[in-house]
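There are two complexes below, and they share chain A, which is joined by chain B in the first and by chain C in the second.
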Partner chain A sequence: MLSRYAVKSPWLFRINTGSCNGCDVELATTALIPRYDVERLGCKYTGSPKHADIVLVTGPITARSESYLIRMLDEIPEPRVVVAIGICPISGGVYRDSYSIRGPLDKFVEVDVNVSGCPIRPQSILDGVAQAIGIWKEKIKIFHKA
Partner chain B sequence: MITLSASILAYLFFPGGMFAIIFGLLLLGMERIAVARFQGRIGPPIFQNLFDVIKLRTKEFLVPEDATNRLMFIIAPFFGFGGMMTAIFILPVSGVYDGAGASSDLVVLIYLMALPAVSHIFGGSSSGSTYAAIAVSREAILMFAYEITFVIVLFTVALQAGAGDGALFSLKGIVDYQVRNGSFVHDLKMIPAFVAFVIFMLATLEVPPFHIAENDGDVMKGYYMEYSGMPLAVFELTHALKLLVLITVLQIFFMPGLAGGSIVVNLLWYMMKSAAIVIGIALVHASMPSFRVDQAFKFLMIVPVFLALLSLGLVLFL
Partner chain C sequence: MAQFFTIALRNFLKGPTTDPYPFGETYTPENYRGIIAYSPELCIGCGTCEYVCPSGAIKLRHHESGMNFSYWLSTCCHCGNCGYYCPTDAVFNSNDFHTARAQSEKYDATINDDIASVQCSRCDAMIPRAVDALLARAYDEITDTVRHRASLCPDCRRLEQFERMYL
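Now for the complex of A and B:
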């Protein structure tokens, strides 16, 4: 019952693990420009990982950001959905096989949605978030049964 | 017995309790829509803040490992919530509800209004987060500055409503006086106090330009930083109630005019006035950048205090 209304308010949290900033720029534009206004879906960027429902991870997870990523993911309360944004966290992308890369993201956490592209298109971000909402709804149900 | 159960009803359902929470959340949703429209966006649905609260119910609550005081961290949100529930219970709504009927409830109001900030300060400082610590110091500085304005405005209104023989510290009395003699917002003497009160309201609600203690861009979420789940939902509810309380106080002090004889008409009129005030707040919200904390402190210590004192002087000596 609750999950039906709860999914109308997904709060997004961005983690940048050493991306080239291309994907972050795209993320900022989807929320901030009128054309792709994601507040319509109830989305809101939050500053704190403790408020997050949907985590958007960009970047190939460099050696430096690895420990911060793990700590950050630990601080996000269940039920949550992890979305890999761009080709970087999915496979390493253009940085693949570099000496300083500890990715891909699914070594650290179960990834729910992969949104590929380099950089990703705003439309595919919206699509990815919409899919993440669907998965999140199932997760809320499971979380409250357990 | 009857008055007791009527009070309990008023506290839990109408105009306090359920009604106030839902109406407050709708007003917050309306503010978000209005801000979005001013920025050329479509904005969220009007029930958005209600959904947010329901969502937060389904989330886990985490207490940080390095919280300096776990118990305080958990109970802090409820101070502000309780304070606001009580405030909305003692406030009269002109033509609809008479308030709790104590004879000096204006004085009680000063203390109740400070409670949400107190709960931010307790919660933030016991969470052990650096961001929260910065936010708490900023909130304390701001609170020090804007409470002065509030007290002066309140005293001005009380004096004016006393009509020559001392100050009148009863909210019901202030409303009645204005219903008989015309709203204070039409009175030239009271205009500076009105402006000062609006500035106080913006500062308490922390909409830009007073968006210093919970500014996403520099202290992330401020004192909410470590909160998740239910307590965060309580903070949301407190914020909604605070908005409603401030709007109601504004209407009591300056514009409690009646629209007609029946309760329903007056209630609709009250809701319409509240909506109009919220849209005004949204206009300021959408068009202002943020102050730095020292600028905000200087501004709050000079402009609204001066305006409020001007009104007080006019009321005392004219």
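Now for the complex of A and C:
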């Protein structure tokens, strides 16, 4: 029965992997400012990886943050949807091929949605989260059948 | 204090300030730097955009019948350098912000267009064409002489110059 309600309110969890903070500011904007208000889509930010349904990853995965990212991703239960926020986790962006960059993100985890931009517009984040919710609904359906 | 109440009353009457975006239209500024727009008929294939692109999103490749312009959205940082330096305004930032893509579309080039070369009007060499926007930058007015010289390959232009001056 819980799964029926869980579908309607996925919880968001964000991981900063050495981002310049631009995308994190935009994520905070999307969540906190009533103008964009991601909670209209039924989403809520959570502080614990164990409660996460949709994972938003920012930053180009620096050498220092790599082990933390792997540990954090291990704690997030399946089914989950991973969204890469900004060009850094998608392809490395302007930091691509740098000596201290271990990215892109899809080396470590199966990414579902990419939202590119530098930084991204709050409206684009809403777009990406809406797509992620669609994927998450399908994933949870398959998960409960299995 | 009076000003505060004026604003509070105005906001109370104006209704919610939430942007209706995923369910409705949103406001995008005219000069918002979004996904790149490209017009192949204006492009001369000079490669300036590729040179100034800090994230390597633009690639120009040579092939038999001309050049190929490709743009990879997943690494574009929307800095606007390409549009700023483009001599003919063939590349510029549109205000399209719809950049959320599924993982399966990650490596798809958003723009992939061919820039056709033209034949020299005197020999059969293939040269990059000169568009009017470029000629307008170089000359005060575009006369038939200017157009004729622009249609020649460098070798033929040198020959013609020699014939005009010494023969």
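One rule holds for everything that comes next: the second predicted complex is superposed on the first by the 141 of 146 C-alpha atoms of A that agree within 3 Å, B and C clash if a C-alpha of one lies under 4 Å from a C-alpha of the other, contacts with A are read in each partner's own complex, and residues count from 1 in each chain.
Rule of thumb we're sticking to: a residue touches a chain if its C-beta (ideal position, glycine included) is under 8 Å from a C-beta of that chain, and two chains touch if they have at least 3 such contacts.
Note that the structure is a prediction, hence the values are computed from the model and not measured.
Bringing the complexes onto one copy of chain A puts chain B beside chain C with no clash.
When the shared chain is aligned, chain B and chain C each come close enough to touch A:37.
In the superposed pair of complexes, A:9 makes contact with chain B only, with no contact to chain C. Once the two complexes are laid on top of each other via chain A, the angle at chain A between chain B and chain C, using C-alpha centres, comes to 140°, given in steps of 10. Within the superposed three-chain model, A:93 lies in touch with chain C and out of touch with chain B [touch as defined at top].
Of the two partner chains, neither chain B nor chain C is touched by A:71.
Once the two complexes are laid over each other on the shared chain, residue contacts for A:46 go to chain B alone; chain C is not touched. By the touch criterion defined above, A:117 reaches chain C but does not reach chain B. Residue contacts after overlaying the shared chain place A:79 against chain B, while chain C stays out of touching range.
After the two structures are overlaid on chain A, the closest C-alpha atoms of chain B and chain C sit 7 Å apart. Residue overlap on chain A between the chain B contacts of one complex and the chain C contacts of the other covers 34, 37, 40. Those residues of chain A that touch chain C in the complex are listed here as 34-37, 40-41, 87, 90-94, 96, 106, 110-118, 120-121, 123-124, 126-128, 130-131. Put simply, chain B touches chain A in their complex at residues 32, 36, 39-45, 47-48, 50-52, 54-55, 57-62, 216, 220-221, 224-229, 232. In the complex of the two chains, the chain A residues touching chain B come out as 2-3, 5-9, 11, 34, 37, 39-40, 42, 45-48, 50-51, 53, 75, 77-79, 140, 143-144. Considering their complex, residues 16-19, 21-22, 26, 32, 54-56, 72-79, 97-103, 105-106 of chain C touch chain A.
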